[in-house]
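You will see subunit A twice below: alongside subunit B first, and alongside subunit C after that.
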Partner chain A sequence: MSTVSLAQFHQVFFEESLEGLDVMEAALLALDQGGDAELVHRIFRAAHSIKGGAATFGFPDMAAFTHEAESLLDELRDGRRATDKPIVELLLRTVDCLRGMFDRAQTGQPLADAQSDELRQQLAATVGRTVVAPAGKAAGKSAATSGWVIQFRPHPGMLAGGNDPLRLLRELGELGQLTVEAQLDRLPALDALDPSECHLAWRIELVGAATHEAIAAVFEWVEGECDLSIEPMAQVVTPQPASVVEAVAAPVVQNVAAKAAAGSNDSGSVRVGIDKIDGLIDLVGELVITQAMLDQFREDFDPSRIALLQQGLAQLARHTRTLQENVMGIRMLPIGSVFNRFPRLVRDLTQKLGKQVKLDMIGEHTELDKTVLEKIGDPLVHLVRNAIDHGLEMPDKRRAAGKNETGTLRLEAFHRGGSIVVEIVDDGAGLNRDAIVAKALQKGLIQSAEGLSDDTVNELIFQPGFSTAATTTDLSGRGVGMDVVRRNVTDLGGSVAIKSRLGFGTTFTITLPLTLAIIDGLSAAVGEECYIVPLVSIVESVQLRADAVRSVVGGGELFRFRNEYLPIVRLHEQFGCPGAKQKIEDGLVIVVEADTGRVGLFIDGLIGQQQAVVKSLEANYRRVEGISGATILADGSVALIIDVAGLVRMQSRRKAA
Partner chain B sequence: MAKILAVDDSASMRGMVAFTLRSAGYDVSEAENGQLALDAARGSRFDLVLADVNMPVMDGLSMVRELRVLPEYKGVPILMLTTESNTEKKMEGKAAGATGWLVKPFDPEQLLATVRRVLG
Partner chain C sequence: MSQSFSDGNAATQYLTVNLADEEYGIDILAVREIRGWTSVTRIPQAPGYVLGVLNLRGAIVPVLDLRLRFGLSREEYTGTTVTVIITVAGRLFGIVVDAVSDVLDVEENNVRPVPDMGTAVDTEYLKGLTSIGERMVLLLDADKLLQPQDAQMLDAALNAVGDEKAVA
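Right after this comes the complex of A and B.
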């Protein structure tokens, strides 16, 4: 019977193995810094699990490859070999190579390639072995006889080990016809008998074509726990042909299984802690109780019980809100999974550049929405590369500046309000104002640096096409500029800020929303339409007198807000809403802020604050400039969500035109 | 139906063992390491324990030693699921009190055959 398909476990195997590889990598890096023996054990366990899984779930190439690494790790574990830099390097490459194998496994490609073959040879050579092509299993089994005489005398303690003599006899019975004779010579007197011990012995005659190996296999588990002899009954020898039938169909099965796994891989999955699931189940239980309570009113509603109804509805609101938070929580994953890649990155970069950098990571347990988490990796990598490449100085330069030769790079994640903040802090040279200004002048980004504050100058590095390094190195100069970093973060509804002091270092602060799926917003009436303005971008709402607005050439309108003039965006004109208020003094102006500036949104009036579940407009209709998505209101109608950054961008484009 | 405790730190391996045995009608509990397995074993009486050797927190061999100290687990079959096919490891397992072993890689059919052999 083969009802159990191994392919259904592939995804779990891939996931846990990739986690295992992360563990191996982190432990190897720690070992490189001079860690303890427990690290070697941890690495060994991870490799061992991958090997076992690979062999079980039909990836023999991966199992064979990992086996070589495991042999090396075994020597490290037993102390037969010292853990030095070349060994750590070799094992780190093994981790990389295995990651590649898993990539290929997920898409059903052949696992071994030239690189893995070479590395496998190298691993084998290190433990002093050569890999030989797998040959067919050695043929030649022992000669058959017409039967066997088996003398089996268990030691008294055999039963305690869980081996039941009856089971062994039953198994022997499957090999041929048995004649069993119990031998009672060691049976003690009844008062001396310990029922948990075995006092019997057996002489068994087995008639049939069973081989010696087959019989020995039955007793495999009790070797050393019994006296056993297996003798042929008669010396009739029949030569057996060499057997070469074993393991032929395996590769075909493996391919099919790999494809099945690749197919199921696209949807993605989230591993959720049991406590989160339990919390949800509890809440659903509460909801069911509340529902039952409210259900009573369906049958007989009496106005005198209105207080009870209100209480029930309040309970429902509370549970719904908690349920919503908890369900969102399922998508939340610790940022540590992104931070994990940095120790390796920092090690590789510093080695290549000859710099010394100590990496501190704080707040790895801070949780972020899975989508945000997946997309924040690249911008962070870019900032870390930049910090090491351009920010932190060479040891001699640091010494000359009176700093510790080893630079510090700190990655920190924490909650602030309804946002997650990620800081990348280095104690390097800081941004050089003169170099930035010179570059900006050369690129035509500014006409003159006069009167520009340091912050404004620093902001210039986010302009498209900006790069201060005289020659881009192969590390950070990959055609991606800081403008892309900022755009990636803004696309996630976040922002990037920069703070720098010459000679003391640079801090990048990335602020991200907790989740992308639900936003807090103000609903604003414009004609018959309702728009949602994200609460995070609102600075203030003001009612303007008609004379507070200045018209400028080109049709724009400005108003004075604190010490600056802000453009007014009339939403009804922007989105073409009929029946909206036209006079500034009749409506309301909401001052909103994006990374790149502020504008005033002219609306009819505010309806109220509410949470909006974001639905993609792009997926359901098409992309609309100035709109980030849509939501469904309590009355079932659709409201559009304002993309503040987009509107500000459109406004500055209009100004430039 | 017989109650079986499956102990392995690898979720895929544990999942495969548990799924296979449940499909065959056994009542299967799972544990992630030796310590959790001991806790489970103290709270409930299992007819068979299948345990990985290499696990964090408490490895399989230590778990077998601890289990065999409990009077109710004297004589209960405990099989080690192990990739170490060398005799030395098997003997270590035996010395710790294991009944026998199942060498990885095994497929669901081999697993079922062995479990049926042991449980009769």
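Right after this comes the complex of A and C.
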């Protein structure tokens, strides 16, 4: 019973603890730069919460592990030990290890592994080296015994603190086999008995390979509220660290089923600021008032009050729009949650490569749709890693070039129009045009570099197949998987641009839509049907004369647009729409652009511009090629949204066939 | 739960619908809603029996014509033509039938296997038949109406997309 009831809090515990780990990591990194005592306190508090939570929610090995880290932090906090690089390094590894533990806890695997075991010993050893600890206790910490005798005598007032001895005993029971003997010597006569006090004491024999700290962790919350002694059993001692793992693994396995049940609803959750919720409640209140006001007109409609009706409708429209914005806002999270991982990444990379890099982060509070946020992390990591690995030079090279030895990497997020822009700016070596051109010629991507602008050359690094491991060194390395970065971003409806000056650095600009849930689109009529074309992919719409279209072998049609020939996709043919216009001069050609190319879409005409709330077709049906989703029009009917990239792909495949 | 409707023998309630002079039963627990026929938005590249999608309070729901699904000829949609919204395995879809008629309690031991002949319908979509007096009711296996072929098509489509991405 108790496991089940606790399991429902596991997810919250995991989320909070992972946040705590982020706090620890950020503070440790700041400490590495020479921080103050408050940082140590913050780290300590985070570790302490995790330890307490882990013990409460039935992760004894996590609690034990964190306990070691906490001991070390305690020394730092008391100033008994100086914070130096190796210590920070050790604690950072502890944070990583704990993250691993949480990952495993979420999937119900045993928490401890060889790495955590080794790290735990290392922590214990670090603590033990300087601290004058009671010899017996220190030995008990790392060694396991075959059993313990625990004398547990709660103070009479312990119950008032909300601590239940029964729960403690139950937790102990998860560590091994218990023999519990209640001691009644303090039990008063019935007429003197105060039922709100605890008069019992227990002598507990615990058989099993539990560690001293695992037992101590059980009693952690009643420290000071009881007399407690934990002694090894008489027939001690098999100091085998390996058995620790087995012992702690056993109770975890029992919890797997409960965890799996709890973890099955992994639909994800969003933490929403209370102010956002309050805003929504206010707004709904306003809506109700407006609705009540409009309701009056049902009973008593008088033409003289038409102005009031108009006013009410206007109010309704305004509230609905604000409500829509606010509800969308719930899905918006600050980009800082993605940026947070970079200080660590930069630190690790620069240490490994022997470079000096200063990381500036601006605009962490810029908010992005949760879906976009989850998917933008990897491309950003890729770009940052590239910038440090290949963009920024070694200190001596920088000095030779007359630059500051410490390179600067700037991550900046801000709003521009209806989009979010994320810039990754480094002041490194920049892209080497000659090397790119050489590589592109070799790969057959271009025939000659003549007449190509620098921007066009830089664009080449986004070409699939451009990048190979061999290019990384001779080209300041950009291009490793850059096509993947671009594809990830375009999948989100965004774009990546690059600016670079040789010797002065490189800027990547990622433009992302604010949200994936609503798009701006033009509604296009094709026969009797209506399709939505996303505004971002529309370049221009043109009306063509019949003689502007060239037919080519195989049935394709081309038309000249500025300086290029674009294929015409007749939407009514592609989608089989009945009753559409056939002659090119009767309809309209919209030039649309995807990262894979441009085409002209032939449609009957444009109906108008509108915002479309994107709905999934796949939820109840399946994916349809050339269609990215559906939306609901003002009259309640459904219109399909065109997937421009998909259409371009279909077109090029038809060309190939 | 279903037992509360019967006298001890396990019974299931079926919504019966009419289609081309025959009566079909749909497990009532799968039925979400019955609505009059409204026109739908056609989807490209869909099999012929998928008429299109409609807006069910914000959800995009595909609609199949049960006549076409069973290889019958398409009738004109009339005043009695209805769309029955069904939910199977978390997915919603609508089926268009000539009319809805009744709700029946069918006891498990009155369900007989479908003989492999005699009806205009591919027996694959039926899970049995039962008779109420003179009437014969064919019990539809709602799970199979949009599947499995469609699931395969879905997989194939997704694979095709995946392949393209891998190539690109």
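We take it that the second predicted complex is superposed on the first by the 431 of 657 C-alpha atoms of A that agree within 3 Å, B and C clash if a C-alpha of one lies under 4 Å from a C-alpha of the other, contacts with A are read in each partner's own complex, and residues count from 1 in each chain.
The rule is simple: a contact is a pair of C-beta atoms (placed from the backbone, for glycine too) under 8 Å apart; a residue touches a chain by one contact, two chains touch by 3 or more.
From a predicted model like this one, the values you see are computed outputs, not experimental measurements.
Q: In the superposed arrangement, which partner chain does A:Lys615 touch: subunit B (first), subunit C (second), both, or neither?
A: So A:Lys615 only meets subunit C here.
Q: Would you mind checking which one, subunit B or subunit C, touches more residues on subunit A?
A: Touching more of subunit A: B.
Q: Regarding the shared-chain residue A:Gly576, is it in contact with subunit B (first), subunit C (second), both, or neither?
A: A:Gly576: touches subunit C, not subunit B.
Q: Using the superposition on chain A described above, determine whether A:Gly444 touches subunit B (first), subunit C (second), both, or neither.
A: Neither subunit B nor subunit C is touched by A:Gly444.
Q: Contact-wise, after the overlay, does A:Pro464 reach subunit B, subunit C, both or neither (first, second, both, neither)?
A: Once the two structures are laid over each other on A, A:Pro464 reaches subunit C alone.
Q: Per the contact definition in the header, classify A:Arg623: touching subunit B only (first), subunit C only (second), both, or neither.
A: After superposing on A, A:Arg623 lies in contact with subunit C but is clear of subunit B.
Q: After superposition on the shared chain, which partner residues are touched by A:Ala639: those of subunit B (first), subunit C (second), both, or neither?
A: second
Q: Contacts for A:Pro303 in the overlay, against subunit B (first) and subunit C (second): which applies, first, second, both or neither?
A: neither
Q: Where does A:Gly354 make contact in the superposed view: on subunit B (first), on subunit C (second), on both, or on neither?
A: Touch partners of A:Gly354: none, neither subunit B nor subunit C.
Q: From the superposed pair, tell me which subunit A residues show up as contacts to subunit B and also as contacts to subunit C.
A: none
Q: Mind pulling up the subunit A residues that touch subunit C in the complex?
A: 464, 483, 487, 529, 574-577, 596, 615-617, 619-627, 630, 632, 636-640, 649
Q: Given the complex with subunit A, which residues does subunit B contribute to the contact?
A: Its residues touching subunit A are 9-13, 15-16, 19-20, 23, 54-56, 68, 74-78, 83, 91, 94, 97-101, 104-109, 117-118, 120.
Q: In the complex, go through subunit A and note every residue touching subunit B.
A: 1-4, 6, 8-10, 12-13, 16, 42, 44-45, 48-49, 51-53, 55-57, 63, 159-164, 166-167, 170-171, 196, 220-221, 223-225
Q: Spell out the part of subunit C that touches subunit A in their complex, as residue ranges.
A: 39-46, 50, 52-55, 58-62, 91-93, 150, 153-154, 157-158, 160-161, 164-165, 168
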